[in-house]
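First chain written, first letter: the chains are A, B and C, and each begins at residue 1.
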Amino acid sequence: MSHITIAASSNAFVQLFNKIRDNFTFSKSDSGSFGPFSASYSVAMHLEGGNIQLNNDDTVEVKHLKIVWDTLKVEVCFNLPGFCIGGWCIIPDPWNGCLVGVPKICIGGPICVPLDLSGLVSEVNDLKANLKPVYFVDPARTAGESDLDAEFAGHPNKWRIFLDPVFVHVDPIDIPASIANIIENIVRDAIENMFPVLPGFIVDALLAAIGPILDLVKGLLGIVGDINDWLTDLLMNTFDLLGIIETAIADYFAAKTPIYEFEDPYPVLDAGPGLIPVKIPIRNLASHVNSKEMIVTADVG
Amino acid sequence: MTTRLKTTLDPNLYTQIGLDSGSLTMLGTIVHQLGEPGEYRGALHHGPDVKAVFFILADSNSPVAQVTVDLAGLEKAQSAAPASDAEEWCGCAGDSKDSSGGKRYAVNPRGYVLFHVQGGQGGYYVHLRRIDAAENDKGYDTRTLKNGDAFTAMILRPGAYSIRNTLTKAVAEAVVRYPIIGDKPYVPPAPVRIECTANGFDIKGRLDLGVGQGLVFNARTDSRIEIKLEKPDDGPRRPNRGRTGFQKVQLA
Amino acid sequence: MAFTDNCELFASVHEDGVNRVINHIRRQRPSWFNYATADIASNRELWCSKIDVTSDVVKYKNSFFTILPPLPILGADSPPIGIGFIAQLTKALIDFHPGNKFSLPPQLSPPLQPQHFALDFQVCGGLGCASEKELEQIPIGGTSPNAATFEGPKTQVVLRTQPICFCLEVFATGHFTLENGFLLGHVDGIEIVDITPDGLESNLECYLKMCVTAVLREKLAIQMEKLTLSFPLFDIATVTLSPSPNPPVPNNPAVEEDQLKIFIKMTV
């Protein structure tokens, strides 16, 4: 029989989970060029909520864990062809098309559409994990140090229990269809604001040449379906944000933030004047869950 | 949220209203056929000043049917660097640099030289003369279009225009319609071709043009074409395009 | 049945684990187990029992003994005379119900009662005994009675002595309570084996009971948090932890199945 047994009910486990969940933050930015357009993003997120279930197969399952996007900014840049004049033939060649042509002049250029989707919420659909005890030897510890020396130097060894994910499934961000109208307005505003003094007839010529803006944008970006679905795909798959987030969450729970941590040897009596602290070695740490509770057992070495 | 559109739009495109074949700007071009083989020296004029010198070799063996001379580029290259450095390769067969200064072009004598202004305010004319021409040969001056020359014009500003050949006193009228934002992208219609003869323009009635639609004036006699805005068309009243400041995008 | 059927946090420690902890404390904090006057503490030849400590105790120069003042010789005041003594706790063993680590003496009404613990410890000690030659150093007629007036209180003279060591086998029974977040041991009965007359035994037993009670209250009252190896629930500001009441938990702490158990409820 183990010398020490500690058990936390499923309710208590939820509190433990919430504590490490609330400490999770993630931010990243990246950019890429994808043929007819380039794009960049900047994201920062934290986690909220989640339904936690302890299972008899020694696993912990978290469902519907919300990902709150504190920052979700995307910028898509593409070349707006705008309005072109010229380019036609002055002196045709009856045998070979055109002998002399007018140089083409295009009114347009690269346009960047910044989209701020901050505040959107998606979710970790399913996270399943085992409890994994890990003995942590502080890399700062030197060979000749005793346990007490290490404690005084601020780098004691530790027992840690991690929530080691078996899998993490993150749902794609559900970008609302209204983003299409926003993009349309942004592009229109961009054209209208090209120059503060640009004459209205040039703007109207541009808009007339462009025609329906969304059709143009979709054509330029090669979007077949809805623009919101395309944007989701860009972020989640092209930039692999889904995979990056899943990895970040798995790494956070599995290796960065233990659900339970204590020093080894464990201090049972504090130091006093002329007295070193009393510390007891903990051995054979094990952790398990069943449907009702988390159980940690250990021996006194 | 800010949106950036780095435009290629040169403001001279919309600030210069009207065209003159004797003073080339961005929206006009002149096409000229050299006809005789030989080396030609070109002088780029802006008013009384010579802004640049260039050379065109009319070589019967050249396969080049069109050489395009950017007058703005010539001036820029000439003023920016010493002559030898200012030369730029024109991409033409027979193009080469030498120490005589000025950019060099080559074209078949039966091919065409196209003068145009890539950017800037323009206002150029060109004087072209064979290097070995007789003293009494005045050469070619773009201010007087010769038989076989073509002058092209494009008009962006909607409104009513007068068209005048100042050498023959011929006149015509044109109207450029205000653009309509529709369900399909607007594409300027095909250019209108006009013969300029001693008897005037071969135009029947008033020309009806779309924004950016081309005009090709084919000179059959000495000509200088001027196009002047008589009455602008500002189209429908536009909403206030002042800054609206920051507005948080609201997602439904 | 789950550990946390009637609580949110459960912790238990087996008597074997507690006995190992006692041994670790004994080796890392020897001054809680060894008491002596300076003259005896400084001379290991005079110790009743060898002291086993960790290397850190030596490295960090912790004292092996709690140093106490000499025991006065009654009747001696000019000058006052004291003698050395030593007391060492050489063995300490705990047994949680059911009792199976050692046998209790009849005076403690074995078997061990449910929800109780038993202690078996050995105390070795001795009073310093001076040689005849040392005793002859005591001034005949004492020092001047007026000296105190002019020189202040007379300095105690400590005789050079050698303790005559003896060992007592002591048994105690007791129970635990949870008070103000601390696990506290209480001594219910104590018995010193084979000592007479009864009056002397009673006096010593009472003294030892007072000693054990004082140590349990002052030094060995253990925080609930320590018993759970600093379980992180204690760090969460929004969570309040307190012992589970009766009902639903009839004994909290419980001493059963050779373990000490505590049941903690959580309020969020």
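Here, a contact is a pair of C-beta atoms (placed from the backbone, for glycine too) under 8 Å apart; a residue touches a chain by one contact, two chains touch by 3 or more.
Note that the structure is a prediction, hence the values are computed from the model and not measured.
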Topology of the chain contact graph, where touching chains are joined (line, ring, star, complete, other): line
Chain pair that, of all pairs, has the most C-beta pairs in contact: A-B
Chain nearest the overall Cα centroid: A
Length of the line joining the C-alpha centres of chain A and chain C, rounded to whole Å: 57
Chain A-chain B separation of Cα centroids, rounded to whole Å: 54
Centre distance in Å when chain B and chain C are each reduced to the mean of their C-alpha atoms: 108
Complex contact set, residues of chain B against chain A: 1-9, 11, 13-14, 26-27, 29, 31, 65-66, 68, 111-112, 114, 116, 118, 150, 152, 154, 156-158, 178-188, 190-191, 211-212, 214, 216, 233-235, 238, 241, 248-249, 251-252
Complex contact set, residues of chain A against chain C: 1-9, 11-12, 15-16, 19, 146-148, 259-262, 266, 268-269, 274-276, 278-282, 290, 292-293, 295-296, 298-301
Contact set on chain A toward chain B in their complex: 80, 82-83, 85-86, 88, 90-91, 93, 99-103, 105-117, 119-120, 176-179, 182, 186-187, 189-195, 198-205, 207-212, 216
Of chain C, residues touching chain A in the complex: 2-5, 7-14, 16-17, 20-21, 24-25, 28-29, 31, 55-57, 59-63, 222, 226, 228-233, 235-236, 238-239, 258-259, 266, 268
